[in-house]
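Note that chain A is present in both complexes that follow, paired respectively with chain B and with chain C.
Up next, the complex of A and B:
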């Protein structure tokens, strides 16, 4: 039925297009990727700069604080020279900035510990809690949101909304204390304090904080996903999927989840950023040697090097995860624009 | 083809949707029409007249929206679609019955490339040759140029007309006996509209596919269809071959005809149909068009909605005073 007028001259057009076509989408993707990456780098630079300058412009002299009130002017000056604090602001920043690429983030004024060492020791604990919480929350949220969206009964939706609201309203620290009391002292399933070990063995210290985090994460994620799913279900193309008779799993994935996931994925990436600051409460309650506790300690003693190091790493992680989140959202659903 | 078995026979179909507290809202009642093999039938009516609902009852997607056929028969080649199970549905929908959904823009799945969508449609039916070549043939069939480029694209990268072509291509993957096109030209500009119409007409001619074309545009249906079904408030009010529909025998069709923009006199007033279609669940006794009708009589306001006069296949009207139309 294709009219002959149309197919005339087609072979040449086809063969020339054939080579270009697969590249076209990929080139566009590569270009946007590079663009986003460059932008992330610029943001990362500003994160470093702000983390660095915030403390320089805040009142108080960390050297005098570190040396005590009895220190002579000479010792103060010597100390300042040792840490380069007698230099001008921009020289200091330049040293810091170049140091970053040599893997040198400075040294604590008090404990003389290397900042990189502090990060190496404590950051993994915090990241582990976040990964564990987020992973569990995503795995719980998807089936919940999907089954609530698919169930056409008003009672189910009502129960879902109510229970997520209640779960969200309970303060995390309260749940954490309750959990410790229940699982730590009554059942003794979890060590009440302390932390040790590497990946699989440290899970026994981490599962409870992650579970407590889930009580606030799951409601947020499942509700956002649920509302996107409801929007998707109203769309005409879902009908198309039914009519094409695609398999159940494929239908759930290609016709329901994939067109709905982008907002949730982006949200997850931002939540990682929020949690990085938020896990400090969990670290305190469960006495976990995370980076949040180190930060609080360093702020109260005005330990420049440590504070700026940790703040900068937090910032970089946020920049990095939101980059990944945007990218994933785009790969799932090309309608999402990566400008 | 034996003449007594129609391809599709809609007999007094009642479609209801379940609301809270087990109350059922009737959306369609007294719907009657049939489709012969290879025939092109237009269904015309205002929004909410139940056109789309009828389609969904033929394609079996009412349940998804909590609606169901609760009375009458939907016979497809003599098989009552009310009685078949999901497995049987799977062998019908998308295979023997093709469907082009309501809106061109929202029809294709936004997260899959055109190639993948065609492959999905094609994987339901057996065929020879590679999936890629079969997909290309389909796109050729609906006259899409630069097939290789289009195959790699996502729906949002295509224009509305192209998307509609792709949807038609998907629906044609299985060479269906019946193709339902639900307002296939909504949201497309006029030149594209006529191209799509031309395409449908060619498909009918070359593949012998029967087509149900749903539209609110009488002029459009008038041009391409063999038979016209006019629906109002869930009921079929007039059915007839296109040729005899130029002399309508139901006041609603008369009103639809006179509100066509192409028959309005230049500079003259555009005629509209007075009032609004009655809301679902608020149907008065008697004829549901009575309130808006210029010919209304006392007996129009009592009893049931008037049944279609005459025999199926003839020009039928559901007006008690059909003989007076055109004489007032």
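Up next, the complex of A and C:
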């Protein structure tokens, strides 16, 4: 993933100044963008199909499981008819697929809750954690990558690479437990339980999970940013900037960060997937009412309709954000070739 | 990449030695614990929640079992599961990806290609959790789920690489010499494709070690009383303020394993030279 994002940042021309894009280029670009979009749609279709098939290919009868062992044949058949499970595979998929566009993802086999209702209630918490983690990770990564790239000493780079890969090797759930022990019990900076949904007050529940997520995000982000900064440093315009004696802030931003940002932005969008996985674990440890906890709960009770809906939504979120990331990457750096 | 040549750089040998040594020591300890250990890993005793001491190096857990013995009893469970969870998708993904990369059938290619993208779109841990939910908890289903999810990532890498390798001079030469397609595939193309996927497998190994423990931590892994790091952390999590050693030592074991692989692969990457990779 990292390498594909990196290769996109490879400058194709010497100069970064680009006043007029030739018309032919623009048409070709529009075509690739449309191609990307169509491809995302196809992948989104696969995502729905895979999530849907999970339930149908699973061993055992989910309805019988939901009803328990004492259920009679008639009640099982009635339940199946109610959920449309007596239809053929493709009819069921058609119903599910069209239902998606009507905002209907089915209902839980146990609690009669609608899947969309579960998502509406719990997804905001998860998205909030992801957003916070991402924001914090970007804020931490930029200064680290900048200072390592500018120091240009082999020992610093070596230390940077080693410490980032060590940080990646520490499991987030273990770190979260230690954090909870330290900040929850010793310092009591984190409330032990409970949650408030409103924006400023929920921060005191969410800052620690977001910080723990950063331990896996910052290494990846700062490494990619670092290597694209190193590529930028090779460009002639950086030397020009130094010679012209541009102010520090302007130099950091316009000459270094701005041209190196595209691969990182593309990567951030790809990393949403990793984030979601980490966030599920965080929700379990910090008992936050997010969608991840619902997922684990549904998994342990075998509430397949909920599992299927949550898995599909997460897949679609990843497809959507990667597309947006590619788009942003292009807008940030017109030299990006969409492959 | 000329800017990195000015000062001599550590060549990575140290990383390889440290990484391999750390992993070797862990595996050795796992191997020796049944012979040298003073306790049975699953034996319940009345000495509950003793803190670490000379007799119980890592203390005891809620059932009076020796944590030291259990941490090392779990080495082969964790590392073995993770190893299988990397090896199977590596093999399957490399073969499928290579075949896709050299096939000329555009329809099959774009069909399976988009399926691969579809599988890769799912967040890794979420998809594994869901699959384990459908096939049932346990170590073998974790391996199965890891394989079902991860082969697609290897296949994507292998496909991109195979397209390049397939156009190389030595493959053309082998074709011109009239070698059998199967010989060209196994002797010329796959070895060159798999150097790339094996490099990815090494960095994936760390992720999978953590994922296996995370799944057990979430209650989807081993059945008790089998010792396993993630499950031990989970059992200790509720009493962490009372007896921190129940969670901390298995956690450190995961860190040890993960760091050994990370340091090893960092050293190897450096050794091979950054210019050569990709």
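Convention: the second predicted complex is superposed on the first by the 276 of 339 C-alpha atoms of A that agree within 3 Å, B and C clash if a C-alpha of one lies under 4 Å from a C-alpha of the other, contacts with A are read in each partner's own complex, and residues count from 1 in each chain.
Everything below uses one rule, namely that a contact is a pair of C-beta atoms (placed from the backbone, for glycine too) under 8 Å apart; a residue touches a chain by one contact, two chains touch by 3 or more.
A quick note: this is a predicted structure, and the numbers were derived from the prediction, not measured.
By the document's definition of touching, both partners, chain B and chain C, reach A:154.
Judged by the touch definition given at the top, the superposed model places A:33 against neither chain B nor chain C. When both complexes are overlaid on chain A, the residue A:42 reaches chain C alone and has no touch with chain B. The larger set of touched chain A residues comes from C, when the choice is between chain B and chain C. In the superposition on chain A, contact is made by A:235 with chain B only, not with chain C. In the superposed pair of complexes, A:76 makes contact with neither chain B nor chain C.
In the superposition on chain A, no contact is made by A:131 with either chain B or chain C. In the superposition on chain A, A:274 contacts chain C only, with no contact to chain B. Contacts of A:54 after superposition: chain C is touched, whereas chain B is not reached. Taken together, the two structures place residues 3, 7, 152, 154 of chain A in contact with chain B in one case and with chain C in the other.
By the touch criterion given at the top, residues 1-3, 6-7, 13-14, 17-18, 21-22, 24-25, 152, 154, 235-246, 254-255, 258-259, 332-335 of chain A touch chain B in their complex. If you check the complex, the residues on chain C that touch chain A are 2-4, 7-10, 15, 114-115, 117-119, 121-127, 129-136, 206, 210, 213-214, 217-220, 230, 233, 237, 240-241, 244, 247-248, 251, 254-255, 258-259, 261-263, 265-266, 278.
Only residues 20, 59, 61, 64, 66, 90, 93-95, 99, 101-103, 106-112, 120-121, 124, 137, 140-141, 143, 145-149, 151-154, 156, 167, 170, 202-203, 206-207 of chain B touch chain A when the two sit together in their complex. Per the touch definition, chain A reaches chain C in the complex via residues 3, 7, 39, 42-47, 49-51, 54-55, 57-59, 152-154, 157-158, 161-162, 165-166, 168-174, 177-178, 180-181, 185, 230, 233-234, 272-278, 280-281, 284-285, 295-296, 298-300, 302, 304, 307-308, 310-311, 314-315, 318-319, 322.
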